[in-house]
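Take a look at the structure below.
Labels run A, B, C, D and E following the written order; every chain starts at residue 1.
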Amino acid sequence: MAHPIQNTESACHGPMPLSEKLGIGFWLSVGWIALVFACAIFADLLPLAEYDAMDWKNQASPPGFRAIRSDSHGQSAITTVYVFGTDTMGRDILARLIYGARISLAVGLIAPMIGLVIGGIIGMLAGFYRGRAETIVMAIMDVILAFPGLVLLLAVYFYLGPGLDKMIFALGFLTIPAFTRVARANTLNFSQRDFVTAARALGQSDIHILAREILPNIVMPMIVYALLIVSYMIVAEGSLSFLALGVPPPTPSWGGMIAGGKEMLDEAAHVSLIPALVMFLTVLSFNLIGDAVRALVDAREGQL
Amino acid sequence: MLLMVNRLRVRIPTDRGPVCPVDGVSFTLERGKTLGLVGESGCGKTVLCRAILGLLPKGTMLSKDAEIIFDGQLLNRLPERGLNKIRGREVAMIFQDPMTALNPVMTVGRQLSEPLVHHLGMTAKDAKRKATQLMAATGIPNAEQRARLYPHQLSGGLRQRIAIAMALACEPRLLIADEPTTALDATIQADILDLLSFLHNEKRMAMILITHDLRMAAARTQNIAVMYAGKIVETATTGELFANMRMPYTRALFNAIPRIGNPTHRVLKTIVGQPPNPIDPPQGCRFSPRCLYASLKCKAEEPPLLPEDPLAHRTACWHPLT
Amino acid sequence: MNRRPEQKKSFEARCRNYLFAGITAVIVTFVFAGEPVQAAEPKHGGTLSFGAEDEFAGFDVIKASGFAICDAVVLNTILEPLFDTDDKGNLIPALALSAEPLKDRKLWKITLRQGVTFHDGTPFNADAVVHHWSRMIDPANRFRGRSFFEPIQSVSKVNDFTVHFQLAHAWLPFPQILSETRGLSMFIPSPKAVAEGTQLRAPVGTGPFVFKQWISGDRLVVKKNPDYWQKDRPYLDEIVFKIMPDHQTRFVSLKSGQMDAIWMDRGTIIEQAQKDSNLVLHQGEGNGAEIFVLNTTIPPFDDPRVRRAIAHAWNQEACVTMSYKNAIPVAMHPLGEGIDCKEAGYPTYDPQKAKQLLNDYGKPVAIECLHSNTKRGSEQGELLQHFCKQIGVVVKPVGLSFGPVVKKVITKDYQISTWRMPSATDMGPILFGNFHSQSRGNVSGYSNPALDELLVAQRMETDAQKRSQMLCDIAGIINRDIPIIYRGGRRFHVIADPAVKGIPEIKNGVIQLTEAWLEK
Amino acid sequence: MFNQRTILDVQNIRVEFRIEKRKTLRAVSGVSFDIKQGETLGLVGESGCGKSSVARAIMQLPPPTSGRVLLEGDDLTEVSKKQLRQLRPKFQIVFQDSISALNPRQTIGAAIAMPLHIANNGSRSEQKFMVQKMMAQVGIDPEYYNLRPFELSGGQCQRVQIARALMTNPHLLICDEPVSSLDVSVQAQIINLLEDLRCRYGLTMLFISHDLAVVKNVCDRVAVMYMGKLCEIGSSDDLYRFPLHPYTEILLNAVARIEQPRALSDAQTDVMDSPFPAGSPPGCRFHQRCNMKQGICSETEPEMKRVRSDRWVACHVRE
Amino acid sequence: MFRHLIKKFLRLLSVLVAVTALTFLMMDVLPGDVAYEIAGADATVEGVKALREALGLDRHIFIRYGDWLAGVVQGDFGRSLLTHEPVANAIFACLPVTLELMMISQILALVLAIPIGIISAYRSRSGLDRAFSATAFAFMSAPVFVMAMVLIYIFALKLRWLPATGFAPLSEGLLANIRSLMLPAASLALLEWAPLMRVLRSDMIATLQETFILSAKAKGLSARKILFDHALKPSSFTLITILGIHIGHLVGGAVIVESIFALPGIGRLLVGAIYSRDLNMVQGCILLITLGYVVVNFLVDALYSFLDPRVRAQAD
């Protein structure tokens, strides 16, 4: 219900600058995500220790620890500084964090993408054509939703074996029903609007109506939803690693690192807490970005 | 004087800058009289009425020297608690769309008895009985049965009757009716207006009737104030105004109304252009860009509402029609 | 890592302790008292909570879906064996009073204790023993542990309290087999409960505790047997076995006081417990070993040079330090401490030698390593990957759950996998099962006629000294040809609250709770 | 006065919506009328009486449950989907809610160009030229080509809709409450625009509105609709001057009553609870509200009968 | 209405059948089976084959599913292939833990979410609102296992207020029972209150802009009355949907929480059963979980129509 006061704005005005609207939390989040992305992409170029090299004399060493080793010939001493310390197997936490970012980002971004594309298409078709096909599609989605997700993840893990691709596939599959629902609800809403009827009245074909009239309208809500799922997926990867269902070693992942250090929480808390903090900040950033974008979209929808 | 509004200016911050939907408005209302507030949507009439009861959204600011005096009380300086004693008890309000103005998840009977319990301290049982009486008094048959229904189960006309019954529950001294019939069908519009006139006479309360329809105001008010872009541009007693429209806007508005007596395919007299942008209103007289009689002076200087006498026929125009 | 001297001493002290206790050589109890310094008067009463690692698999030898150590820990409180053994393998009478060999040691006469009844009122007698053993050795019952008893041909009743075991040939470790903790075979169940089929979930025995309830996935409770044949025993009113698969959870429960004692095999936690003055660590050595098993039937491990190369590349000491935090010893052979074989020719950590061997082999080596998908399993995979990388061998660790690992290994659909050689009173049958070319349990597919000969010979050998040498020779052959690589020896750990007293040394991983008491 | 060629012939159309498995809502139950070339037919009635359903049924969005819709002789309910799409440029519609009728993510230029786009008519720059020409004709600044609907006012959006509909050169234009949500001054502008375009293009129109005054200004003939049926049809002068059906009378009275208050006692009370009665009562649909009803009114439903040339009414009393 | 119920029931049934059939199929294609699990490290190929025969695993999948389904219809859920315990017993032993954990955690989450959501909506864009929102986001971003570890560390190991692990059944007294579930429930609740609060807040903000709220204000009602009597009910639909989803998921057990706190719940039972390929147990758990999901959905629907008379009208 449009408030009469809001009706007063009719002609066009220059909108407020985006940066002011989004607030500092948003920009800090974007900065953090950019940093994580940059690290993940350029990990190979960074002066890092090998993420799987074990310094078995210095396990769970504290952040900033200087390890002195003799080189392979036993001649001179080499000093290595472990900025974030080492994990329980004497591996450099910093290097593992940065390589682990690849896994978390891959899971966090690709899995929702699968759901977004497949669920989006199915949902749009169901919402647009309605009828029996819609009933069947939604019933199938109900079955997927009713099926405990962990069981499916376990099944995929046992059937296909461990692996990043399989985990992304399985997690992505699980997000399909949710995206289908969002896409369907939005499509239903828009296909009842008169501009769709008008396009039909002009003789526009269904495929054009879907692609040109409806799709542009549901893209933003879908992306906002996808951003929410991104953070869920990063946490899900962590949970799977915690249940020893994550990516196979020695590939580091944040969840695996947290799980790996949990039994030393008392003596070497940093082994768990540093990756936990990084994961927390990343998820928080995605959440904040998602919320800011949602607010922006809502505000714009409000004007429509 | 029951109500006196002086120098009221309302500022609402928005994403695109502050807006002043009401920009320096003064008027008075006598006990038992009806004031018609006429203007197109966006002219600020709704904001004006909500400002009286302090019902504007958070962040809204009233001008420092504004005064809203109801029965000797300065409403705009009253704390929320004090206002709550006035709202619904002394001053009641009816909204445009009876569907959205009633809580969809509460039975109408309960909504109706709420002010009775709250203001008059009735017991729930008494309030329920009184609510049924009120419903019957607004012409709702089978009131007892209907009190148990939810708003969506009633037709638009009945919903608006419920809203009226709710507003009149505590017998307020002022009723603000914000486009009470706009959302209704023509046949029901007349019924509701008749009902309002009847109750207004019977209870001897004052009323502000907001409408965009000059014809309606003509028949149901004693005084009229015409608003344009946040300002009152013409005000007079109803008879005087219709006999003698002096502001070009008032006349243009009146002429633009399609009439049932017009022959088919008659070209209507229209006002050219669009109402002004509230963020950046035009210089001088706000109507000047659309006015046929506008002079350079109109575009440069804002006309005051003259003469000073609040009871006279007042116009804010440099070139009033005669 | 060697056992600490003070523990050795305490063992001798314990022996003295129970001799002083005036118990005759025949009716010795099979349990040891607590540490001598804490030899305060045991107190009666109280409930002991014990954190177990796994869900129990059931308590009927035939129907149970496996026999994990934790099952034995529970069953040990409810049922009793014929004999127990001390550290040197000497029999200690329990339900039986004596075992005498007759006729070239091919027939054994076992005399049973009189006046004992099962919890369900059935009297304990020769019928119960015959029923239990006949059931296990009957091929129709498909008892999974039958291969261990292959030399046993029949068990028969002589009179109510005497039974005869007929063997195919003289078998040196037979008396020890009667008290074999492996599996549940040594515990004599109530024939009535077995016949009624209730033994699986509600075991009935003669022991100091009576089964009370078992809630799957949560707990198993036993309560004091008021009619136990040993006077004044047991001390505890009740023992609650809580099932807590997560080791961290178990440890936290112990520290926060929900548990009195927990089973533990995780190095980091054992290390913490050692440092914690509020906790007591009970340990026990075992034989057998944590191993990698190598499939010698397919490339690249069909070539002994590659196997040796991996063995040279594998730094067992590092593994024991990193993954186990020195909670288990380094192993050079699976025979445990009882038999001294020195290093038995096992390859030392030497990447240079490994590289040379690979050079000889000539082809690049890339292998897939199966491991269980537990924390420790993946650590082992990662360590192997790490050490092999240094000699240019690419290792792909594949973590699978327990079932699939077993399936792949026994169908020889693997290259290298984590595996375990169980701890047993006598390692002869286990070595035979694992390495004889005709054995079905030979998962590495290793075949060596000389070894086969030795494995058969050790079975028949009646001279203990000679047999020990034979076992060492067997270990030597294995260590030369490397069908297995040692990850570490076996040592078992229980962490307990200091108030828990009377816990003896852990034997083959089975912690004995029957004599425990609480100082609270 | 007019060329007598019939553009639209609507024959006994019914529109039913399935609300649930066993419940149907009869929005339109048997409506027939025709529109001659160059004529504007007004369709009036209270909200919920089925006016918009009639419009959508003619547009085949969705097609009526039964009945025929003949557009210049082609039965739109019979033709194939492909043919229908080819016929669509001939009949166009303008909706009440202009904000909802325009895609919020599309520039108004693209919206107006859509018919050209569908017909694959001309290059991009030609299309833009044609669109801007049309924009000028309906009174939108051609500079607004790249603006989006929310940047325009309601009246301007209504002009965009009209421009889009006119791009196909339609033979029939259906206006579904085109001015109801507009302010008085803008409403008059749009009415004038439609009049202007009607003269210029010789448009044939079906003009739907609940405002009798507006209809009187725009339409040659008027059809009055009540609860899914027509009750009266005739030339607007005649019908407004001499309403036959009591419902028409009530409608006309209501307009007058807004300006001329009367005492409450004779005010008619509206007792309908729901604007959508589930099943239609037997007899005349209006009899419960009718103050002239006779016995027959609650028993048989009156048929549409011709009273005089071009004047039809469905009433037992007034026929 | 009766037909409506029957229709709902049939749909419920078909979801149940579809899910259990899928599970059966899935368990069948998974590598490794319970026979290997039972056989353990001493397994031999022959031994496993014999075991499979004994367990009836060599029969065709359709026959096995048919048998199982026939059993279920007669109220027999079979026995665990691993422990031979009746599946129904095992599940009913776990059920109270799961249900109690679900209830306590959801109540805790609501106790946090509702007042904070209302205050945030009422004072939207204020400093308080921003602080609440930031807190909510922080809690939303913490994985449950980190939360659980932190809670154990603080409340069980350091402060020693609450037991770290284990479940005390009601038979040990209500207080002990609730105390034993406090930490696990709190670690779930601390994650879940945040999304609940966020949706309540945004729905509430939308509701507070409705005309009927203005109309209530114009009646002179106090802010408290308006928030609770007028705004809360129509703002709670998304909240209920999300709550339904949470509860639906919790019927399936909170595996991580259960394993960290050693709670014998459905989730751990199910995961253990999958690991050991204990098909009967898996089927039983899945059946229960699906049933739970469907029932919760049904209840959410019912709650909708209880809260919103407009929905009620449609359902009739």
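Just so we're on the same page, contacts are C-beta pairs under 8 Å (C-beta built on N, C-alpha and C of every residue); 3 or more make two chains touch, one makes a residue touch a chain.
These figures come from a predicted structure and were not determined experimentally.
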{"item": "Co-neighbours of chain E and chain C - touch as defined", "value": "A"}
{"item": "Chain whose averaged C-alpha position falls nearest the assembly-wide average", "value": "E"}
{"item": "Whole-Å gap between the CA centroids of chain A and chain D", "value": "50"}
{"item": "Centre distance in Å when chain A and chain C are each reduced to the mean of their C-alpha atoms", "value": "46"}
{"item": "Euclidean distance of C-alpha centroids - chain A vs chain E, Å", "value": "23"}
{"item": "Between chain D and chain B, distance of the C-alpha-averaged centres to the nearest whole Å", "value": "32"}
{"item": "Interface hub residues of chain C, defined as touching at least two other chains", "value": "248, 400-401, 404"}
{"item": "Shared interface positions of chain B, touching two or more other chains", "value": "41, 57, 97, 100, 153, 274-275"}
{"item": "Chain D residues counted as touching two or more neighbouring chains", "value": "153"}
{"item": "Interfacial residue positions of chain B with respect to chain E in the complex", "value": "50, 53, 55, 57, 80, 83-89, 92-93, 95-97, 100-106, 114-115, 118-119, 150, 152-153, 163, 166-167"}
{"item": "Of chain A, residues touching chain E in the complex", "value": "1, 3, 25, 139, 142-143, 145-152, 154-155, 158-159, 231, 235, 238-239, 242-243, 255, 258-259, 262, 265, 272, 276, 279-281, 283-284, 287-288, 291"}
{"item": "Chain C partner contacts - residues on chain A that touch it in the complex", "value": "52-54, 56, 59, 88-90, 158, 161-162, 244-245, 248-250, 259-260, 262-264, 266-267"}
{"item": "Residues on chain B engaged by chain D in the complex (per definition of touch)", "value": "40-41, 139, 141, 146, 149, 153-158, 185-191, 193-195, 197-198, 212-213, 215-216, 218-220, 252-253, 256-272, 274-275"}
{"item": "Residues on chain D engaged by chain B in the complex (per definition of touch)", "value": "46-47, 153, 155-156, 183-189, 191-192, 195, 210-214, 216-220, 236-237, 240, 250-264, 267-275"}
